[in-house]
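Before we start, here is the structure in question, set down as structure tokens.
Think of it as A, B and C in the order they're written, each chain with its own count starting at 1.
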Amino acid sequence: MTFAFDNAPVWLDLVGVFFFAVSGSLLAARKNIDIVGSLLLASLVGLGGGVIRDLVLDSGPPAAFSNPAYLVPPLLATVLVYSLFSSVQRFTSLLILFDAGGLALFCMTGTVKALDVGMNPVAAVLLGVMTAVGGGLLRDVTANEVPELFNPRDIYALPAFAGAVLTSVLWVSGVFNALTAVAIAAVVFTFRVVAWRRSWQAPLA
Amino acid sequence: MTFAFDNAPVWLDLVGVFFFAVSGSLLAARKNIDIVGSLLLASLVGLGGGVIRDLVLDSGPPAAFSNPAYLVPPLLATVLVYSLFSSVQRFTSLLILFDAGGLALFCMTGTVKALDVGMNPVAAVLLGVMTAVGGGLLRDVTANEVPELFNPRDIYALPAFAGAVLTSVLWVSGVFNALTAVAIAAVVFTFRVVAWRRSWQAPLA
Amino acid sequence: MTFAFDNAPVWLDLVGVFFFAVSGSLLAARKNIDIVGSLLLASLVGLGGGVIRDLVLDSGPPAAFSNPAYLVPPLLATVLVYSLFSSVQRFTSLLILFDAGGLALFCMTGTVKALDVGMNPVAAVLLGVMTAVGGGLLRDVTANEVPELFNPRDIYALPAFAGAVLTSVLWVSGVFNALTAVAIAAVVFTFRVVAWRRSWQAPLA
């Protein structure tokens, strides 16, 4: 199952960028932002977490800038949301689902990329969580929303944390491959969506 | 016309910093922020976009820190706004004009600096736009304003995008010089100001 | 007094991280954010300023990521605030005091770290101020508060500026050591707290 898995992180990353970008464009549509602002919000949420990750790793310009392929998902997301969802009312549900997809992929790719350049597993987990929650935080702060991250009636960061820890443990054990990656993504996505549907809450600080 | 144009980017950059810094100090004055806060807001908007650009390019400490000359424009802007404009009521018009000046210069200097260190033209355009809109975004987010960027009754990012594309095309064609630079800046500035005066709108997302 | 002072910046940095992290957790408690959000806010304010500093200095991954010890203070702060202060009503006073402690230490460690890698004293002062005010700015912007920095009825950045200038001058004069460091921290902390208690104001912009 591990054939050609070397390139998998880039593909997973691009799909994650697309999911987050759709969440950005949906938020733009809900807030009556124009199509250019929608493209910018989609880019910010889709690429923001990864750019912060790459700046921290300090290994040359961020992937989002050195590889033009990263610009395709935000463009695609903006066009799709503009042409398909303009009449859709259930923005919130869709936004949460796409956001959860991005979260599930980014907590893995962030952790893997950090381990790959030789960071210790603890720092890799931290960076994985940051990659996963960073873009959404930028999206909400920029659009003047209270970040989903700080919504006490919802659980947002814990699934990303669980995914980053699982990724780190499996990587160190040498059994991180396409199969286990899919399993982790499924766990994180399900955890996040169920937490949202059932309004799970963590104790207040 | 190209003699001594090697240093032109630094000069254009400094003038752009000054324009943006004035917009920051004007916003501070409108929001009753004190003079120290005004200096910080002027620095944030004037230097923010360039610092993000230089962090992404990953070629040593950002110019704003390695070259103390960059600290002069924010200081100058704060003093000027404090001493001259305190009784001026037309803050918004002035703010938009200075902001447009910064936008016109930064979309060029950001693109040129990226091309200069060997980035591909597409990434250079993206970085040019980010340099141009980054400082203003930081200014508005920090001062708790809805970013001008996301105002549906206004066009903000398109002029910067047009300027970055023009810069990239002219640079690759080898005809980017002082004369064409002035032409690009004039086009971007006019596009931005006319779009604002006439309330041009892009389609909603 | 200078024996073993080589490692002092790391210790001062960690204590500063703790102070700022407590201020983040206290804000989280006041805003009814849950315990996971509290940990994230504590990390953001405690580590944010230092991460920005290290990104600007461009000398490898930020200390917060390469040294796992930096993750202890935010964890400790979250647990402490959760278990001890949940019934405390005087959140604001406590928050300001801890924030002032962080400010006093970070304006020194930021300046020293910049001088240490060979930056000029002016840039080092700027970076010291940025390190000191950066985390708190991120905290307030993320939690959708008006940044303390821009509160016209309060003086926030000036003490940090004074501390950074003092640090820079003493360092260049070769008399920056444990004793003078404690003195600077005391001056900055006192300046900040007295300015807050007496509602000192700088002139409006």
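Basically, a residue touches a chain if its C-beta (ideal position, glycine included) is under 8 Å from a C-beta of that chain, and two chains touch if they have at least 3 such contacts.
Quantities reported herein were computed from a predicted structural model and do not represent experimental measurements.
If each chain is drawn as a node and touching chains are joined, the picture has every node linked to every other. With angles rounded to a multiple of 5, the C-alpha fit of chain B against chain C returns 120 degrees of rotation.
Distance between chain A and chain C, defined via averaged C-alpha coordinates, is recorded as 29 Å.
Touching of two or more other chains is recorded for residues 55, 58, 141, 144 of chain B. Residues of chain C touching chain A in their complex: 25, 28-29, 31-38, 40-41, 51, 55, 58, 60-62, 65-66, 68, 71, 78, 81-82, 86, 141-144. The touching residues of chain A, counted against chain C in their complex, run 55-58, 119-120, 122-123, 126-127, 133, 137, 141, 144, 146-147, 149-150, 152, 155-158, 161, 201-205.
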